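So, here's a batch of structures to check.
Here come two complexes built around chain A, the first alongside chain B, the second alongside chain C.
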Partner chain A sequence: MITQRRLDRAAYILFIALILLAPLVLGDFWVNRIAKFLVFGIVAVAVSLCWGYGGILNLGQGLFFGAGAYMLAMSLKLASATSMQQGSDHPVPDFMLWNADPGAPTELCCINRGSFLWLPFQWQWFGVVMGILLPVLLAGGLGLVVFRKRIAGVFVSVITLALVLLVRLVVIDAQPLTNGFNGLTDLGTFHVAGFGFDPYARATYYLVAGFLILTLVGSRLLVETRAGLILQAIRDDQNRARYLGFDVPIYQLFFFTVSAAISGLAGMLYVIVAEFASPTFMDLSFSITMVVWAALGGRASLLGACIGAILINVIAASISETATFVEAWKAIIGVVFVLVVLYLPRGLAGFAQDFGERLERRFADSGKTTTPGVIPQAQVPRGQAP
Partner chain B sequence: MTVALTIDGIGVSFAGVKAVDNVSMLVHEGELRVLLGANGAGKTTLMDLISGKTRSTDGRVFLFETEITNWSPNRIARAGIGRKFQIPSVFRDFSVRGNLNVASCTDPRIRSNLGIGIPRTRRQRIEEVLELTGLAEFAETPAANLSHGQTQWLELGMLIVQNPKLLLLDEPTAGMTQNETHKTAEIIKGLRGQHTILVVEHDMAFVREIAEQITVMHLGRVLAEGSMTAIERNEAVRHAYLGSYGISAEAV
Partner chain C sequence: MFDVIFIGLSLGSILLLVALGLAITYGAMGVINMAHGEMVMVGAYTTVMGGLWLHIGFLASLPLAFVITGLLGWAIERIVVRRLYGRLLDTLLATWGVAILLQQAVRLEFGLSFFGIHIRGLGPGLQNVKVPAWMTGVVSIGGDQVNIYRLFIILVTAALTFVTWLLMFRSDIGIQVRAITRNPRMAAACGIDVQRINALTFAYGSGLAGVAGVMMSGFKTVFPDMGSAMVVDGFMVVVVGGVGSLLGSVLSAGLLGQVNGGVAAVTNDILARAVVFGLVILIIIIKPTGLFSFKGR
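On to the complex of A and B.
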């Protein structure tokens, strides 16, 4: 038990050290690339928190990611140089004018019926605050209905899945406001106190890495609180938790919302690193890919899920660019996913834990052979998460 | 003597069938009451009505002075009623101690549970309960690996940790071996006086071992109430529930 804890802590420290040192050996191109993958790592932590610890399989995580991304992208779009060159004293997104009716006013307030919604996004920090607030409100509203109605299991997944598709359609349909399929491109850089975060700069990498570490350690502490234990208890047996006096929906709602906030944060960071926001963030396949990352890494391990996301993306980036694997890659990842679900339900993290336990047992055995009469207690494999 | 549980003419019907019909009952503080009755007599439904699992259509329930009729299950649990289910339910991914840790979070709000670790006074209580239920040596064992009997004791322990005013035990010895049944009786006898307990049980050997006051239910109604000997002599009970054989282990 103690060895297990120590190994666990060592894994966290090693991982954090690795991502902090990585830019020393990587070129600019790869620094930017890995920064994107670290963003995916943050998303995987959110999935693990919700699914692995809360038992809530959200197949629409992309909704929160997309909400965060669009909110910041709107601010950065207005901060872009092109938005100042549209013949107005105030920034106006170029696409809005392209989509405008002939003779429409060219001020942001009144180009079309909804364009005034963009006004407050002239302040970058409004976009940042909304990037967290919108996912939190969406998750709060959705969770309030779903969990109060005691909807559970696969039904939550179906509802979230439907919702992300619905929002995606709405975003595409609202072309004059969102630039539809094309998404928001040609964005300005994110500025903090006059310092600009260039996507290819190491500062941007460290911005993402810093938030990843914060999310990872913060989430880990959160699941170790009593509230975190109660959440896991609810995952194991909702009824028992209810009859012990816990208000089950409140706990589910809280962690669902935290998970959404983390996804929103990741969406914003992605916009800073990748310089665009697009409806593809709300594609079904992207949300499912997030779940695959967490499943491969180990949904019941925050660090495992995070590593899973980074690892898959690094492999995908290196392999899928060779001609042979471009098309085969998706099939490979599909097969790997099926194999993991069947034979490694706790993912890579579970594999590592078993290995750690075996080590511990070996140590314990060799220690105990010198003290006769003590029978080492049989180690029992940990139960699989439901 | 203070009345811990007051049930006043409670009833519920499912699709027109009265599962529990106008049941009234008083349980005093510190009393151990056994609910007897054949399958379908409404014993478990009565427990469901008390613990909030089922909403009643008539009548009222009081815990001491507080009316708890049709409150939500978690609110009733918080008010001080611990319910043990017929099929033992524990948190299988947690160790035995982990289960008790979760149960010992007596404040249900999230805000007050954002700390790490269990306060010392509650840890002491957990140790006491581990001793009481005989699970001390299995404290670190995952609950999924416990035997059936141990799982039942763990669930009982989780309730005791919460210091409930009233314990509802639905067939605490279901599926147990004779030894386990005996040990369960010992645990329950150990609780007598400190907790008010309502037990549903079929096992007559067990009932003989623990019972003080017995309430017999039949077809959703209370048929008789009294001590073991009084119930054994009661004509109506003999007739309705026990056939002509009288109360004995064989008859059940």
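On to the complex of A and C.
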């Protein structure tokens, strides 16, 4: 076990060093690209926390990602030059002006019904706070009902899936407020104390990288606490944990909400790097893609899931340089994904873990019996009942 | 009033058409088949290709699509699903991979487009299907104008539901399927060839999706991604109706269809779908086992 732990720590340190050093050898274009992928890495950590450690397969992670993204994007939209075209000193999003009724006042308060909701977003930090708060409130409210009712497994997945599609439709339908299908584009830059985070700058990369490291290490420490262990116990056998006297819904709710907050954070960072927010964030395929990243990297390994997300996207981006292979890449992902679920349910991290165990056995005393590594229950086939 | 109910009935029958196959694969076998929508897509393309290459009509495509998607489903069961029984969420993930693969196979014309070979009817573009002239137009029933094609869909759905009911509740195979649903090991101990029955069941569910695809192609544009939205709808119908209950699926499809049609008549289609999703969430939260679920053991 000690070798295993050491290897684990070495992997974290190696990974952190790698992403910190990467900009030294990359051009501006790739720095921006990798920054996007690091954001996806943060999302994968959130998925792994919720699914790999909590056994809650959230098929609506995009809801929290989208909520975070839209909240910050609203602030950055108002900070954008395109919102100041009217010569007035109060910003109004350009799409609201295009669609305004003739004769409507060109003020944010009353240009259309509901536009007053945008008013507080004139302060960027309101958008930032809401970017975390809204996902937390959504997850908290949903989790409170779902986990108290002891809804588990696939039913949670269906509820989250229906919810993300519902919100997506509402956002598209509220065209005057959200610019519908087109989403929010032409955003301003994110400023902290007068310093602007240009999406192609090294500073933005390090902003994202910093938050990735923070999330990764923070989540890792979190799952090693007592609460984290109880969460894993709940994942392995909910009823047994309940009979042992643990308040199961509280733990599920807490980690579900943390996972949502991380996704919201990722959404905001994505807006800073990619300069747009759109309803595609809440597409079904995007939410499932997040799960795919985590599954390929290793659902029960935070670092594995994170690396899985980054690796897939880097490969996809390098391949899409040659246009003909873009579509073929999707097919390859499909095949790889089927193979991973069938033959490598613990993902790349499981691979690495087995390797570590083999090393450990070699170093172990021949007299002592080695303790087998902990195999997360989530991947072991469960009972027959659907 | 009547036309709103009729639209709702027609929407419900389309839902049921897609959900019927899922009700069998998910309800009876405990497999969340995310590739189900792609089976619908393959069925639709069968109609397109059948018209282009074999010059067979719309109606003749129905059995052809059933056979093709049935065989495809059988293969998927043998290669992928068979290894995943009892791992419900893993079936969801693996079949999602299969779904992407099927989509890309059609879009890339089985990879032939790399070699500059193009097959008429496949590829990333949109395809259209001509339905026979007598199916277009309207008839008046009791003074109200009714679209013949919608009526045709309702009839086909009713017929398929009846056949499925017969198979499940009035045939030897149906008894075996239901025994496996309740307890696969006990069923195996009683001498039922579980593997064979599972493969057949999965093939039949996929075949139903193929038939749904033919019907879809008559009023929707056919393109490689057309299935992904359908599988979600169908899945929700099954969960709301109660997993493993055929009657539940029928009634929940009717309910969701009516709600969809009713709300759409007052507001718009987008909001109507949102309301349906909201209703689904509400029902699952209030009654997670669905409206009609059998007592498992």
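Simple rule for what comes next: the second predicted complex is superposed on the first by the 361 of 386 C-alpha atoms of A that agree within 3 Å, B and C clash if a C-alpha of one lies under 4 Å from a C-alpha of the other, contacts with A are read in each partner's own complex, and residues count from 1 in each chain.
To be clear about the criterion, a contact is a pair of C-beta atoms (placed from the backbone, for glycine too) under 8 Å apart; a residue touches a chain by one contact, two chains touch by 3 or more.
Nothing here was measured: the structure is a model prediction, and the numbers come from that model.
Novice: In the overlaid three-chain picture, which partner chain does A:225 touch, first (chain B) or second (chain C), both, or neither?
Specialist: Touch status of A:225: first partner only.
Novice: In the overlaid three-chain picture, which partner chain does A:123 touch, first (chain B) or second (chain C), both, or neither?
Specialist: neither
Novice: So, A:248: does it touch chain B (first), chain C (second), both, or neither?
Specialist: In the superposition, A:248 touches chain B alone.
Novice: Touch check for A:335: first (chain B), second (chain C), both, or neither?
Specialist: It touches chain C, and chain B stays clear.
Novice: Which partner, once the models are overlaid, touches more of chain A's residues, chain C or chain B?
Specialist: When the residues of chain A touched by each partner are counted, C comes out ahead.
Novice: Return first, second, both or neither, reflecting whether A:233 touches chain B, chain C, both chains, or no partner chain.
Specialist: After superposition on chain A, A:233 lies in contact with chain B alone.
Novice: Regarding the shared-chain residue A:195, is it in contact with chain B (first), chain C (second), both, or neither?
Specialist: Neither partner.
Novice: Would you tell me the residues on chain A in contact with chain B in one complex that are also in contact with chain C in the other?
Specialist: Residues 382-383, 385 of chain A touch both chain B and chain C.
Novice: For the complex, which residues does chain A have touching chain B?
Specialist: Touch list, chain A to chain B: 1, 221-222, 224-227, 229-230, 232-233, 235-237, 239-248, 250-251, 254, 380, 382-383, 385.
Novice: Inside the complex, what are the residues of chain C that reach chain A?
Specialist: Where chain C meets chain A, its residues are 26, 29-30, 32, 80, 83-90, 92-94, 96-101, 103-105, 107-108, 111, 114, 124, 183-185, 228-229, 232, 235-236, 239, 243, 268, 270-271, 273-274, 277-278, 280-281, 284-285, 288, 296.
Novice: In the complex formed with chain A, which residues of chain B make contact?
Specialist: By the definition above, chain B touches chain A via 51, 73-75, 77-78, 82-83, 85, 89-94, 98-99, 101-103, 105-106, 108, 110, 113-118, 140-142, 144-145, 155, 158, 162.
Novice: Mind pulling up the chain A residues that touch chain C in the complex?
Specialist: 57, 145-146, 149, 151, 153-155, 157-159, 161-163, 165-166, 169-170, 172-173, 284-285, 288, 291-292, 295, 324, 327-328, 330-331, 333-338, 341-342, 345, 381-386
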